[in-house]
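Note that subunit A is present in both complexes that follow, paired respectively with subunit B and with subunit C.
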Partner chain A sequence: MAATAQAISAAEAERQELRGLLHKQYRWLDYKFDIVFWVTAAFVVGAAADITKLLFAGDWDFWTDWKDRQWWPIISPFAFIIIPSALQYIQWLAWRFPTGATYTAVCMFLCSWVGRAFQWQGFVSYPLAFVWPATIIPAGIFLDWVLLKTKSFVLTSILGSMVWTLVFWTSNYMTLAPYLQPTQFMGHILTVADVQGIQYLRSQTPEYLRLVENGTLRSFLEETQYVSLVFGATLTVAGYWIGQAIARWLAIWPIGRFMKQF
Partner chain B sequence: MATTSVAVQRAASGRKYGAIDWWGGWRTCILACLGFSALFIALALYMHAFAWTAGIDASSPEFALYWRSLLILELVGVGVGTIGWWAWLVRSGRTIAQTITHEEEVRRIVVFWGLIGATSVVLYFMASFFPNSDGAWHQTAVRDTAFTPPHIIMFYCAFPLGITMTIGTYLYGRTRLPKIYGASNGFPWSFFFLIAASVTEMMQVAMNEWGHSLWITEEFFAAPFHWPFVTYGWLASGIFALWAESALRLLGIEKEAEEEAKGAPAVQTAA
Partner chain C sequence: MRRHLLISLLFAVAGLLGTAMVASAHGENAQEGFLRMETVAFSNVTFSKDTIKQGEDVTITGKATLLDTWPKTLGEPSTGFVNVTAPGPVLLMKDRLVNGMSAPDAIFVKKGNSYDFKLTLTGREPGRWHVHPTFAVEGAGTLIGPGQWVTVQDTGSFSNNLTLLNGQTVNLETYGVGQMGIFQWLGFGLGMAWMLYWTVPKIGGANHRTVSKLPVTLRIPLNTDGQDIGLITKQDHRVSNLLLLATIGLLVVGWVYQSVSFPIKIPQQVFRFTPPDLEQPPQLAKVVTKDANFDPQTSTLVMNVDVTNTSKGPITLKGFTTSSLTFVDQAAAGTGAEHVMVISPQGAINPGETKTVNLTLRDPVWRDTRMIEVNRPRIEVAGQLLFADSSGTQSGTTVATSVNPKLI
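On to the complex of A and B.
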């Protein structure tokens, strides 16, 4: 009985201490530090996510005809989850915010669209209908939701990665679907995306890469995308842990650590 | 209470704005971020205007006029600017006061955050804004030189400025924030990773050009010889440790000031 009362008293004291910290008035620390951090960090976070996407899976993200059923659902979710996973760890550790993946997704969304509109459309004149980037904002929200519910990075890596891949596909399929409609082109049945790929010249991409979806997987007909999605989800688990390693060893571990000698 | 004491200190120091005012300590952040953004957007507009008209044939006189001259201007400008800024940081750091008031230390941390913010903006232009122009250009136009218009701006202006900012920010911390990054503490791992990111990215340019000399017809953006740009870029995660280290010191300053206000001797808080 006495032990229970003591535990309640300790919990209450801790609650009061936390409440005191929450309402503590600092002399210098104010809202401006928060604003500057969240705004300026957005640049490096968006850039890190975008460059990871561009150079690991960029070709599948640049063009509608590359957004296929065979490789896009495998390579993209793996490459796209790396930096959101890192930010998820950092924000959960620092503030217990289950927001890292969503924050990264929004930062990358802005960076991607600036890049596509200003460079791909403005500089080289490809229409945005051909070079629109995939979104990971819905997938990021779900990944954060899994962390919020499980409070476990291990479970989030397994369940969250599955959810991430599935939501990535479904949320982007809505944008992609109109480009998968059949059309006749020079006596052949092609998709609208294929026609875009033929009509808008990419003179430096080799011919054989233009037929993106190939191999015997196509003989699985309607099953192709589901096979790819499941394999993509398993690869994404590895991508999640690459992001965790980046956050744990490169962002958090160095805090307050110094080398005395070179 | 706090307002009065800050106003008194501000009057005593002769500064018009306080350490944490937007146009006080945060001015560095605002001006540096806007300045770099303006510079890079101006260069991008120049690229949009002259890449197609004068940047296709590297052997043409137009290319030499519009692009090789820009390359030389960038290398000289960034080189002189960088050496000048670093030299000023080191030289003035030798004479600047190392025993400082809390207000002054907070102002320096705010300026430090401004430099970190500006570094973040430069990293964005390095790793997202210009790589998009690079991809769009090289998947469309034939390469006949390693110094293509997007490369001249991205690799020889944005990338070197990344090194300027990461090492410059370290020199600022080393000379102005002795309790966090003073020489006696050793070399911080946070800066080691961040500086390594900017330096290895620059070095990777050599491998990139070598790779393109081998596979010149295949502009496959996710090609393996591009991957080191990503893995080296991940080292920039050390930037989060900079924010954390300086934020911990800010909390330490708040605690010291609080104890001083109570009349107790200030306890020096480790950063």
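On to the complex of A and C.
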């Protein structure tokens, strides 16, 4: 009995200590340092996320005629979640902020828009209507919210990744919709996106490289899109854990080793 | 010291810029010469104009032949794509005919077949642009045909209009950008609201400091949110719920908007087909290559070939085409011929007759375009000898042989 009371008292004492630490004023680690941290990290995080996205899903994110209902919902959510997952782990571990995915999404959003508007539209004159980037900000808010509620990376990887894929599709389909309208061009019924792909020359991207829905005997009750979303969600769980691995073994573990030396 | 450094840097930059040349080619000489010669032969490539206004059309016509000498190392050609290479979308592809059929996408191809193409392009970006027709083959890469400079004159404004099936005419230069900007930047606003709430103590509360929290977070289990010590509060949960609801609201509004505004949508289309075979003229001759020699010093290729006339009338050797180059008989060539060759002996070859013909192709293009190089694993020449009979019918006979370079 006495031992239990002692344990409770020790736990309460620790809580008090931690509360004190939480609000402790530091001479050098004040809020200006926080601003410097968030702003400088934004460039690194945005670039890392953008590069990862381009490596895995470059063309799907670039051209409207690649943003199809079969491959886009499979490849892109997987590619997009890797760095947000890594940042989610780091920011939750270090500060208990459910912000890693949203932070990455916001940084990447700015990176992508600068790239598309200045490099692709301004420098090589592809219209933004053809090369607009997909957004993951709504999906990022959902993923962070799931972590906040579950406080579990396992549950976030399963529930969050599935929600992520669904929200990715929903939030970008509204932008894609006008480009899926039919038109007649070169004597065929094509979408506006197809016409963009034909008209705006891509010298080193022959059309046969375009990996989009091409028809199959396995028609999945003609519900390609939903099958792709489910498969994409499953694949995104794997992408989430790749991000976790990057965070745990390429970021946190080496820093921990370094800190222990001092 | 600093001034000296600055002056040195200025000189270095000026030196670099002053000696730099404008890059205006498309890597057409980058591929190994023997690959260019043994894969696709372009012939009769013609540009209808060299100067157009914005919105005005230029037509490129020509023929591309997938040679029988197609290297085994590249795999059997099955899918191809006729396109144009230019510095970005300075021209717009408005129509593409392959063997008389409209070909918006890639086509299925076969070794030995020829493909007549007609590309209609519209001037988009003002400037002087170097443009080539290209023939890309899956697994091999893009083979580049003869190029030409095309000047697009500025008219002050340009729009790329397209009429949809619902009758609406849209400008593809800007279509959908406004709607995309609104949805994406509203989403960005929500993302920023989420971030500012969590990272700015003046908005989210004193518990939202960042760097100084590490001593606390490292001492509690990962699967807790530290509510008992004030790390994450009930207010944090409430605000996060509200921001999530706002996000759901944005998605619902966007989804309803797209459903109402664009009720008819179809998936992206893929239209690949096998173009009809061109009517092939009868083969006029059989050719056996006896030898080929190349002198890198003078960039001269000399070939000896045995030509057997397999037609019913006399035939004449007119020229030799390889990759994007066409050499014509010097004796018959006009002053405008770009590449010529000397044919010896001159004259017609009678039906059934076999004649040894000596061809001398002395032209810096062999060296300048790296067509024949002595430091390559295969020193070869390939292409088509072009014959014509008295009625004007032309046919090409493929030749390929190794080349003996003059090394010493």
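Definition applied: the second predicted complex is superposed on the first by the 227 of 262 C-alpha atoms of A that agree within 3 Å, B and C clash if a C-alpha of one lies under 4 Å from a C-alpha of the other, contacts with A are read in each partner's own complex, and residues count from 1 in each chain.
In the analysis below, a residue touches a chain if its C-beta (ideal position, glycine included) is under 8 Å from a C-beta of that chain, and two chains touch if they have at least 3 such contacts.
These numbers were taken from a predicted model, which means no experiment stands behind them.
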For this session: Have a look at where A:124 lands relative to subunit B and subunit C in the superposition and call it first, second, both or neither.
Result: both
Problem set entry | subunit B versus subunit C as contact partner of A:198, first or second or both or neither | second
For this session: Please indicate which partner A:51 is in contact with in the superposed arrangement: first for subunit B, second for subunit C, both, or neither.
Result: first
Exercise. Counting only touches as set out at the top, which of subunit B and subunit C does A:13 meet: first, second, both, neither?
Worked result: neither
Exercise. What is the contact status of A:238 with respect to subunit B (first) and subunit C (second): first, second, both, or neither?
Worked result: neither
Exercise. Once the shared chain is lined up, is A:105 touching subunit B (first), subunit C (second), both, or neither of them?
Worked result: second
Seminar exercise, completed: Across subunit A, the partner (subunit B or subunit C) reaching more residues is C
Exercise. Thinking of the overlay built on chain A, is A:167 touched by subunit B (first), by subunit C (second), by both, or by neither?
Worked result: second
Exercise. Between subunit B (first) and subunit C (second), which does A:179 come into contact with in this model arrangement: first, second, both, or neither?
Worked result: second
Seminar exercise, completed: Contacts of subunit A common to subunit B and subunit C in the A-superposed view 26, 29, 33, 37, 94, 124, 126, 201-204, 206
Exercise. For the complex, which residues does subunit B have touching subunit A?
Worked result: 2, 5-6, 19-20, 22, 26, 29, 33, 44, 47-48, 51, 102, 106, 113-114, 116-117, 119-121, 123-124, 126-129, 131-133, 135-143, 185-190, 192-193, 217-222, 226-227, 229-230, 233-241, 243-245, 247-248, 250-251, 253-254, 257-258, 271
Exercise. Which bits of subunit A are touching subunit C when the two form their complex?
Worked result: 14-15, 18-19, 21-24, 26, 29, 31, 33-34, 37-38, 65, 67-69, 92-99, 102-103, 105-106, 109, 124-130, 132, 135, 137-138, 140-142, 144-145, 148-149, 151-153, 167, 170-171, 173-175, 177-196, 198-204, 206-208, 210, 212-215
Problem set entry | Residue ranges of subunit C in contact with subunit A within the complex | 26, 79-81, 83-96, 102-106, 124-125, 134, 136, 138, 142, 160, 162-166, 170, 172-177, 179-180, 183-184, 187-188, 190-192, 194-195, 198-199, 201, 206-220, 222-226, 228-232, 236-237, 240-241, 243-244, 247, 250-251, 254-255, 257-258, 261-262, 264-272
Problem set entry | Complex interface listing, subunit A residues touching subunit B | 25-30, 32-33, 36-37, 39-41, 43-44, 46-48, 50-52, 54-60, 62, 75, 86, 90, 94, 111, 114-116, 118-120, 122-124, 126, 201-206, 209, 246-247, 250-262
